[in-house]
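Heads up, the next two complexes both have chain A, just with different partners, chain B and then chain C.
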Partner chain A sequence: MVKILFAIGILLLFPGCWTLYHAFSIGPASWALDQTVFWGTPIVNFVFWIGLAHAGTFLSAILLLLGARFQKRISFIAELSTVSSIFVAGLFPLIHLGVISRFYFLVPFFNQRDMYVNFASPLVWDFLAIGVYAFLSIAYLIVHIVSLKHPSLSKTRRAMAWVLFPLVLWVHTIVSLDFAVSTVPLWRGGFLPIYFIAGAIFSGLALVMLLLESTQGRGKKLEEMLLAGSWLLLAFWIWEFLQKGVWHPEVIFFGFLVVQSFWITRLREKKIVRLIVGVSVLVAMWWERFALIMHSDIKWLWSDWGWFALGAGLFLFIFFGLYLLFQKIFPELFLVAPQESRKNTPQRQVILIVVFSFMLASFYLFLNHQYDPGVPWVQWVPAFFPIAALIAGLSFFVLGIYPLVPKKYFFFFSGLVVIFVGFAAGAFYAGGNTDLSFQSSPVSAEFISKKERPTSYLWNSRCVSCHGSDGLGNRKFIYEFYPEPQDLTLERLVLQGEDSLTRVVLEGRAYMNPFEGRLSEPEARALIRYMHQLAEDKE
Partner chain B sequence: MTPLMNSLACLLALLPAPFLWTTRRPLARQGVLLSLILVSFMLFVFLAGDSNDATMEFYPLEMWAFCLCVSTLTLSKRKVFFMSLAQGLWLWILFFGSLSLFYRGLEISFLSMTLLAVGILSFRFLKTNSRETSFAILIYWVGIWMLF
Partner chain C sequence: MGALIGGLFLFGCRKQGERNAKAVRQTSVREIKKEIQMAMKNQKPLGRLELVPVPSRLGAYPNESNRFGMAIDLDLCDGCGECILACNLENNIPLVNDYQASKNNYMHWIEMRGNVPVFCSHCGDAPCEKVCPTVAAVHSPEGLSAMIYARCVGTRFCGANCPTKVRKFNYTDALEEGLQYISNKDVPIRERGVMEKCSLCLHRLQAARWEAKTAGIPWRGEGVKTACAEACPKGAIIFGNWLDKESILYREAQVRGVYAFSSLALFDPAVVYFRGKR
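Right after this comes the complex of A and B.
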């Protein structure tokens, strides 16, 4: 079964990688992008996969602290699924950026590029929280593996679980803030942080249940938790309806009604029913994110289907690849759980580490704050905790591992890490080339001329961010960043004439950047004609 | 929300608290029970709340967290731990809820959050098993609730 799923993963990666290539070479025009909110299917898939990444830590770290005994058997599978889904999740925001080579602009590295990251923006928090979460989850998995041979590490595991516990909830809370702090009415809601956590854990439980079924057998407690979770989500769906008047019958059917079949023991005993329920929950939770993010009816393109292959393929590939690997080298991982000791890290050490990491994180933010003193301190809190958690988690990890490995290796690896970090810092310091005209345009004129919808591609990738796909302006973006472009009217366009408007596009005007060097003259002219068309359609 | 409704909400949230953990239920049933309590709070806020007040968006969740807080007083094992967790939930709801509203121009009130943080940090030093302390803690939470 494991091998089959691994093979399916590899097979799915073929269309998946093709989609990735397609998306990178064309950019945002290659997927369904809701121009009213400026987000598209990659974000849907991101929220979906990052949600799935929660169950691992929940089932392993949180239940460890709550003292649930059944978590021992499933903790390894759960941690592995977390690590795999974080990787999948992390890919989608990079795709969404469009210009992937510029992703490092999100790293809050003081002000070296004269382009300061906005600490009031949840996107920066996201980057920090998810990065730290990915890093610490891997460290936690390593501790799990090593602690089989060295039971003394189990106290490190407990300490790290204490760091991961709030961190994992923090991550999805921040994902919810991507929505809750925006200007889009349907995304508003002070209840979103808790709602998102519940949804994330719910979908993650379904995934772990499916993985468990396909590798080791039943997880009865998981089924119970899934039932409980379906009711909690129902509560949130009711609240969403009461608040905003929206509800999605498909989501309630797949996410709630189907799950209720677990009350009937005769059904629950059947493996096929359990599998159907697990898949059904995943469908519901994907649908829920989709319904939340994309409000307008947009035609789906190839890439939008391709994300499924990419996400599922990559996940199956990483998860079952690692599974097979570990089965070869550490077969005992699947048989025994790490020793549970009630022993804790000495309290003095804990306090010291916590204080140290809080101070270091504050210092880092203080250095950053000078560049943007206008941002009130509450908006720094979401960024603060992940940084502190990184320092604390890393300290526990290093303190636990240090006595166990030969000093030679320890210093060798630490040296490598230091060199790598130094290199990365240097690269950030230098920054990339920010001259926009330097980069060859992602949508080349030749490519466009071969396609049937040439100008609309260009329009969609270059202009809609401000002008909107219908030319009426992109409300969200204008509100947040830019002054308003003129209303698009036929009269106005005719009055100014094609030539002069083409010059506006190429040379820019007041609040619009020049596109010279990024668009050729014929392209600019074609775009003006396209605007004509849009204006005519409107009349 | 008017002070009257606020007190009514407080009473409503206190009502189920003593009975949450008295019998051992299977996990799923416990989940259904907790969810139904949450739904009833939601309905209450929907009917009685002031729809112009944005904090109503997370008010039922607050009631729920408050109810969970109080219910931990009936626990016999790992009481302090779960007390901290429940207060942490309440703090979480308040902080991140207010932060979302902050972007819409609402002021954040830090008083109740600070008090909750104090509770999380300090209750471990109390003898939580005695009736008097339990009662004092209950008063403390109700105080936070009424202060809002």
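Right after this comes the complex of A and C.
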């Protein structure tokens, strides 16, 4: 069964990759969009897949902390599904972009372009939160695998679960804010975050149930949770109907009515029924996101169908690929483990790490605030938690792994990581090239250099930007871009003499630009005399 | 803030020289006219308008002495579409290919809705600027809602968040498909994947400002008219400075009914509609 699904994944990747190639070469015109509907099926798929990822964390991390009994058997599958779904989910926003090569503009990090992200935009929070979530989910999976050989690591696992617990809720809240902060009436609503989280976990439960059925067997508790989730979602759909007057009978049919067949024991015992219910929930939740995000009768192109192949193919490929790999290397992952120890990391260590990560996150935000003081503090708040979570999760991870690995290797690997991160940060800081060859010159040369124009025109157009209209220097500009120019005092001008100053104007000196070609010699001379005049006026 | 204003000067960082050489074919004015006719046949209905106060000083820039804006006199306008042509030629607006045309996806910055020209309102509290992740949509101190094309990554959040849906996304590479008509060297050609919209003829304002600066005289928007205002045969489009009490725009607004789209009324639009007597 696993091998068949893996093969299906590979088969689906062919049309999927073709769609991807098509989207990269043609751009957003390759799927259904127009000049009023700007967010299309890639965003729908993104929200869908990121939601699927959350259930994995929910089942492994949150239920681990709550001490649910059944989790050990499914936690590995759940975590694997999280990692695979995040990868798929992360691909879609990239596809969605108009200019994909500029995706790094969204990273809230210092750069030499002197461009900064807009922290008021939920997309920036999104980028940050999902990046952190993906990173920590992978670390969490690694800790899980290593903890099989070294049971002492289960303490670290619990600590990381405590970090992931709020993070997963935070991530999907931020995804919902993409919509909730907009002016589109259908997207607005204070209940959107909790609605999105409920929908995400509901759809993810269905996915984990399907994966469990196809690999190990039945998860009875999952079915019950699915049943409970369907009632929760029904409440939200009623809420949405009462508030906005929209309802989708097909979503209620597939997402609610079909699930109710679990009440009938005879039906529920049949595997095929359980599979149908799982798929039906996935369909309903996809359709629900689609109805919310696109809410229009825009005609689909073949690319819109291709995303299904891409998403499902990539997911099956990664999930079952890793599954088969781990089955070979760590067969003990698939056995029902004994009751895991519920020992926690020592309290002092936890407090230290939490304080440390909050301080470091505050420091990061403080630096950012120094960089772009125009942005009010309150807009940094959504970024605060993901960064703190990243630092805390990473600290727990490193502290947990440290005693297990020989010192030599530890420093070797951490050195490698530091070098890699340094390179990445440096490459980001440098960014791509921006070609400045397009120059519009608003003031035509004729306007400045007509015979009857006074020299002040020349001065105003060529010199003022640095030297200021009165020759005292344009402080506002200089402070930001250049060192201060010379003081044009009368004494200095007289000492230097007209000839040598003319040469300076034409050929430049130190930070002074050469103006040869932009000014003729008589014009330069006229400017020197104008400087004299300005200096005299001053005195 | 300094970074923002500095960014404004990057307006138009484009590999134009290289790209112009690649252009296979230029379209003609005749084709542009044909496309405008097609676009005008398929009009959306005009949204609901409501009375708004006369645009005034921006809250974010209390010391600024200019706020540029426009008004369209609905009593004079007969929806002839001359403004669209003038705008297209002024701003190098590309044609669209047949597929986009069949979906009514024109790039025209001005579009007719119910025979009324509709374009970006340059809201003082613009919803598009708030959600742009890369600060490509910014507000200038003088009240223009500007686009920095070189910063735009094409998330299209601004378009989704604009209540009037006047932002246009470049779905096609016009230069490559030979749909570009380069009629104005002062306006950069937009590449595929960036958003664009009415710039209130930013380049004309900039040129006049520089000339005034060069001459060393104070300037409050004298001598500038947007391309559409210039082209309007009825004189129904009035461009001006809302803070200049002497400008025709301001004086007209005192005696006319000032309207804007209901969906925008709370966002302090700078482009409004005049109708009837006050």
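Definition applied: the second predicted complex is superposed on the first by the 423 of 539 C-alpha atoms of A that agree within 3 Å, B and C clash if a C-alpha of one lies under 4 Å from a C-alpha of the other, contacts with A are read in each partner's own complex, and residues count from 1 in each chain.
Here, a contact is a pair of C-beta atoms (placed from the backbone, for glycine too) under 8 Å apart; a residue touches a chain by one contact, two chains touch by 3 or more.
This is a predicted model, so every value here is computed, not measured.
Chemist: In the superposed arrangement, does A:396 touch chain B (first), chain C (second), both or neither?
Modeler: Once the two structures are laid over each other on A, A:396 reaches no partner at all.
Chemist: Go through the superposed model and pick first if A:202 touches only chain B, second if only chain C, both, or neither.
Modeler: A:202 contacts neither chain B nor chain C.
Chemist: Touching A:103 in the superposition: chain B (first), chain C (second), both, neither?
Modeler: second
Chemist: May I ask you to name which of chain B and chain C touches more residues of chain A?
Modeler: Here the partner covering more residues of chain A is C.
Chemist: Using the superposition on chain A described above, determine whether A:181 touches chain B (first), chain C (second), both, or neither.
Modeler: After superposition on chain A, A:181 lies in contact with both partners, chain B and chain C.
Chemist: Looking at A:515 after the superposition, I want to know if it touches chain B, chain C, both of them or none. Which is it: first, second, both, neither?
Modeler: Neither partner.
Chemist: Please indicate which partner A:384 is in contact with in the superposed arrangement: first for chain B, second for chain C, both, or neither.
Modeler: Touch partners of A:384: none, neither chain B nor chain C.
Chemist: Regarding the shared-chain residue A:189, is it in contact with chain B (first), chain C (second), both, or neither?
Modeler: A:189 contacts chain B only, not chain C.
Chemist: Is A:323 contacted by the first partner chain B, the second partner chain C, both or neither?
Modeler: neither
Chemist: If I apply the document's touch criterion, which positions on chain A are contacted by chain B in one structure and by chain C in the other?
Modeler: On chain A, the overlap between the chain B and chain C contacts is residues 181-182.
Chemist: Considering only the defined contacts, which chain A positions touch chain C in the complex?
Modeler: 27-29, 33-36, 38-39, 96-100, 102-103, 105-106, 114-118, 120-124, 127, 178, 181-184, 371-374, 434-438, 440, 442-443, 447-448, 456-457, 460-461, 464, 469, 480
Chemist: Using the touch definition up top, name the residues of chain B that touch chain A in the complex.
Modeler: Chain B reaches chain A through residues 26-28, 30-32, 34-36, 38-39, 42-43, 46, 54-55, 57-58, 60-61, 78, 92-93, 95-104, 108.
Chemist: For the complex, give me every residue of chain C touching chain A.
Modeler: Checking each residue of chain C against chain A gives 1-4, 6-7, 10, 12-18, 99-100, 103-106, 127, 130-135, 150-157, 159-163, 165, 168-173, 185-188, 191-195, 203, 206-207, 209-211, 213-216, 263.
Chemist: Give every residue of chain A touching chain B within the complex, in rising order.
Modeler: Touching chain B from chain A are residues 67, 169, 173, 176-177, 180-182, 188-194, 221, 224-225, 227-229, 231-232, 234-235, 238-239, 242-243, 262-263, 378-379, 381-382.
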